[in-house]
Each structure stands twice: as C-alpha cells, then as structure tokens.
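Chain lettering (A, B, C and D) follows the sequence in which the chains are written, and residue indices restart at 1 in each chain.
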Amino acid sequence: MTLTLDQARTIIATARAKGREAGMKPLSVVVLDAGGHVLAFEREDGSPSGRFAIAFGKAHGAVMMGVPSRRLGEMAVERPHFIAAAGGAFDGKMVPVAGGVLLRDATGALVGAVGISGDTSDNDALAGVAGAEAAGLTAEA
Amino acid sequence: MTLTLDQARTIIATARAKGREAGMKPLSVVVLDAGGHVLAFEREDGSPSGRFAIAFGKAHGAVMMGVPSRRLGEMAVERPHFIAAAGGAFDGKMVPVAGGVLLRDATGALVGAVGISGDTSDNDALAGVAGAEAAGLTAEA
Amino acid sequence: MTLTLDQARTIIATARAKGREAGMKPLSVVVLDAGGHVLAFEREDGSPSGRFAIAFGKAHGAVMMGVPSRRLGEMAVERPHFIAAAGGAFDGKMVPVAGGVLLRDATGALVGAVGISGDTSDNDALAGVAGAEAAGLTAEA
Amino acid sequence: MTLTLDQARTIIATARAKGREAGMKPLSVVVLDAGGHVLAFEREDGSPSGRFAIAFGKAHGAVMMGVPSRRLGEMAVERPHFIAAAGGAFDGKMVPVAGGVLLRDATGALVGAVGISGDTSDNDALAGVAGAEAAGLTAEA
C-alpha cells in the first residue's frame, strides 16, 4: 500500500499531541514514503533551524536501510566504519539515533518512516510510535 | 516578526484549498522561514517523488535572494550565467520559475517564502499568494 | 502497485531484444521504482563506461518530475533555466532527452520508469516502450 | 580480459540462487567492471530502497582500492582516519564491510567486483563468491 497525505498528517498531529501532553520540548516531525521522499513535515515554534535535517536524516536512514534509526545507532557503536560509510553512500542523509521509526502496513510491507527530533531521542521515538498507531500502521522503533 | 507554524499551516491549507477549488493538479506546498529552513510541507496524493525538491528550490532561491522566483526566471533569461552561478552557490537549491513567493510582514520585513509545485507555474504562484494572504502576510510573487 | 524484479527483468530483456532485432548499437537499460531507486540494470558489451549514469539520469528525471524525458528535453529548449535548475535540485540526476519512459499500471498510477541509452534517443525510447508493454505496463514516452 | 555482460548476469543469477537455497534475506547484487562502472544489477522484491547504494559502495570501494571490502573493514578498525578519508575521496562511494568481492581472471588481473547487500555481510560475501566462480572467475573476498 501507498502512504497517503491524510495518514502522514494524522501521524504528525498525533506525535505533536503526544509531545504536548508529555511536556516534551518543541518537536519537528517528518513523514517519508517508502522511497525516502517527503510527504509532510511540521516544525514546532521555538525549534532551532536545523531540525528538518535531523528529523529527515533519522527517517531517511531508517527507510533506506529498512532498519529503525535506534538500531542504526547501536550498529554505529558496534561497527562505526559501516554506519559512517553508509551515511556517505546516502550523501549524509542518515542520522543513526532513535527517533526514525519504520512504518509497516497490515501485510508487514515497509511503506515509509516517521522521523522526529526535538526532545530526547527516546521521547522522539515514543511520539513517532504514537503517530504511526493513530494512522493504522505498525511502528518499528 | 517570526513566522509561526500556525501561519505556515494556514498557508498550506489555503493554497491546497485554492488548488482544489480551481481544479489544479495535485500540489506540493512548502513554507520556509527567513533563514530558508523548512517550517512545514505537504505533498498531495498522486504527485511524483520529486515535488519536494522543486517546491523547496523555488522557495529557497526566492528567500535566499530576496527576489520572487518568477523574477529569478526573468533574470535567468536576461543573464543566464548569473542565475546558473547563483544556483551553484546554493548547491542547486534554487529553481527560478514562478511559484516561489516571498512572505512579508506588516513592516515589509521578509519573514520567509512559500514554494508550490504541481500545476502551471502561474497557478502554483496564485495558490501561494492565496495562502500568504490567509495568514495575514503580504505576498510578493 | 509495486513494480517487481521479474517485471524489471522482462522490460530489460525485451528492450535488448528490440535493440538487437532493429540493429541498434549496444544498449544500457535501467528500471527504477516510483521512488527513483534502481531495481535492475544491464549494459551491453561494447558500451562506454558512462552509460549507467546517462540511462539512470533519463529515467530518474522522468520519474521525479512525472514527465517523460523526451518532454523534459522540449522543456529544456523552451525554458533552459528551469530544466538546468531542476537538474541541480536533483544533484545532476536528470538527463532531459528521449529514452526515459514512464511506467504506469492499469489504474494509471506511476510505478517507475525505464531509462535507455546507446542508440539515437528516439530508438532508445522505442526499445523502452517495447519493454514496458511486454511487462503489462503502459508506457509514456 | 574484459568482463562481459553474460558473465555479470551469471554472477547475479548464481548469487541469487545461492541466497534462495541458503534461506538468506532478499539480496541486491551489483557487478562492476575494472573501472568501477555498473555492468548489471538486480534487487530482489522486499528489499528497502537503499540497497543499490550499499551494494554499489561495497563493490566500488573494493575495486577502486584493489582490496576486498572485508579487508577494508579491518583497515577501518586499524586506521579509521585512512578509510574515512578514502571514502571521502570517492565521494562516499565506499562501504567497508564484507560483501564487496574482487573478480580476477586466470592471469590474476583485476577485472571487476561484485557487491552484495541484504543478509549478514558474511553471507553476502558467500553469495558473491559463488557467483564469481560460476562465471569462471577467481573471487577474492
């Protein structure tokens, strides 16, 4: 299945609501399709200028590798040269820390990723999972 | 003044409504702040994958140069080497055709730009102007 | 629908057979998915080293813009600054001459593109259309 | 000798058959010539979008350096600054983990490389060696 803009908007709205409810810092939330292309993005007021690149890099690395960005972060500790090189292969568009969450449909197919940046990376990931579930998708964080 | 996410969301919602009302093709709409950084983006269903890059390039070129992208297109005809070189200076992040609309506040200060891609570039710009006005801003297209 | 590797292989085999049958020069044929990512590629013996980049650029520009590369070439004559800038926005991955053919499924949805380089660009496109049709897809050249 | 497309196709078909027989995850397999240019590539269904870049980076780093990518990974542990810098010198087109296998002819001359990504890097390399041998080449993994 193909992710719709309505689903992407639901993911972003829910992730932001989760952040407000839990008292997180301002969040930036991007939703990418399975090809790593941006469907929707919002950056909350008070965020620094670089949030798009960080949120995008979390989601892009995850969807390109088929691996949640939290796991990419563990791999970066185990084999730093591999993750550094993969980042180079993706022209720097890979940020290997939690907050890049894979989105799967009911058949398990990878349909995209949500990337969040703003609070701790664990909280970022929690907000992403909440968003994914609200859109009827399975999150892999 | 600083552009807020609420204003960016209003710009996008209004531009999209304008597009639907006028029977335009699926639109992609990005709002950038005065630093050229993404505040919000939405890509309507049925758009090809490259729409973010084109919409972003229109808005980014406009806000970086302080000139609407339609005027950058005229400059590209008058002095092609200048606009080509400026595009290189911005790492390719400049698309000099209509649809990158400057956003100004009540004092005339440049606060950002909206970039639209999907229909004819004239229609793209019309949708952007509608969005800007709905957010209480002055559009320069 | 998602393009399969078997479909991509059929496209390549048929395009190559068309080229042999019509006495074309050695062909290079790439098939991309809707996100612009490579599914399959073959370069016939006797081709120069740069054929992958050219075939890829034709198909990538087409699928990113949702426009066959032949039409991108016409646009490059009408508005050279636009097509030059779009190429920059895609990091040079756009070659606006015939031979980048859009692939659509039965519902008309864009599912990818085939890019061919080696003979005249008109012949390149003919081979791509033959490949697309053999895979049960609608070609837009 | 110069690697032919038929040899490249044999390498890919055999590596894929090896993967299916051994129950590996979906594989992506690229064959490069001695100049580091793509001869053929196939990405099995169910692979994430970034597989071409990773498989290519393994093979490209190997053939550019004349060293199997597994050995580049060991060098990355011994002298991280060297491998990081070499990756930069090749514009990020070098992924120093197993799965980029050198291809040599009967005289020992380097004629290209096969790069595989999808399963563990050790399994990736095994599939590449099987492919090389089926094409009458000596594999250096």
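FYI, a contact is a pair of C-beta atoms (placed from the backbone, for glycine too) under 8 Å apart; a residue touches a chain by one contact, two chains touch by 3 or more.
Quick caveat, the model's predicted, so the values are computed rather than measured.
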{"item": "Winner on C-beta contact pairs when C-D is weighed against B-C", "value": "B-C"}
{"item": "Where subunit B and subunit D are represented by their mean Cα positions, the distance between them in whole Å", "value": "43"}
{"item": "Inter-chain centre distance, subunit B versus subunit C - centres from mean C-alpha coordinates, in Å", "value": "30"}
{"item": "Whole-Å separation of chain centres (CA-atom averages), subunit C against subunit D", "value": "25"}
{"item": "Shared-contact residues (touching 2 or more other chains) in subunit B", "value": "49-50"}
{"item": "Graph class of chain-chain contacts, one of line, ring, star, complete, other", "value": "other"}
{"item": "Chain-to-chain touches, reported pairwise for every pair that qualifies", "value": "A-B, A-C, A-D, B-C, C-D"}
{"item": "Of subunit A, residues touching subunit C in the complex", "value": "33-37, 91"}
{"item": "Touching residues (chain side subunit B, partner subunit C) in the complex", "value": "46-50, 53-54, 56-57, 61, 73, 76-77, 80, 83-84, 87-88, 91-97"}
{"item": "Subunit D partner contacts - residues on subunit A that touch it in the complex", "value": "34-36, 63-66, 79-82, 84-92, 109-110"}
{"item": "Of subunit D, residues touching subunit C in the complex", "value": "2, 4-5, 8-9, 33, 35, 37-45, 49-50, 52"}
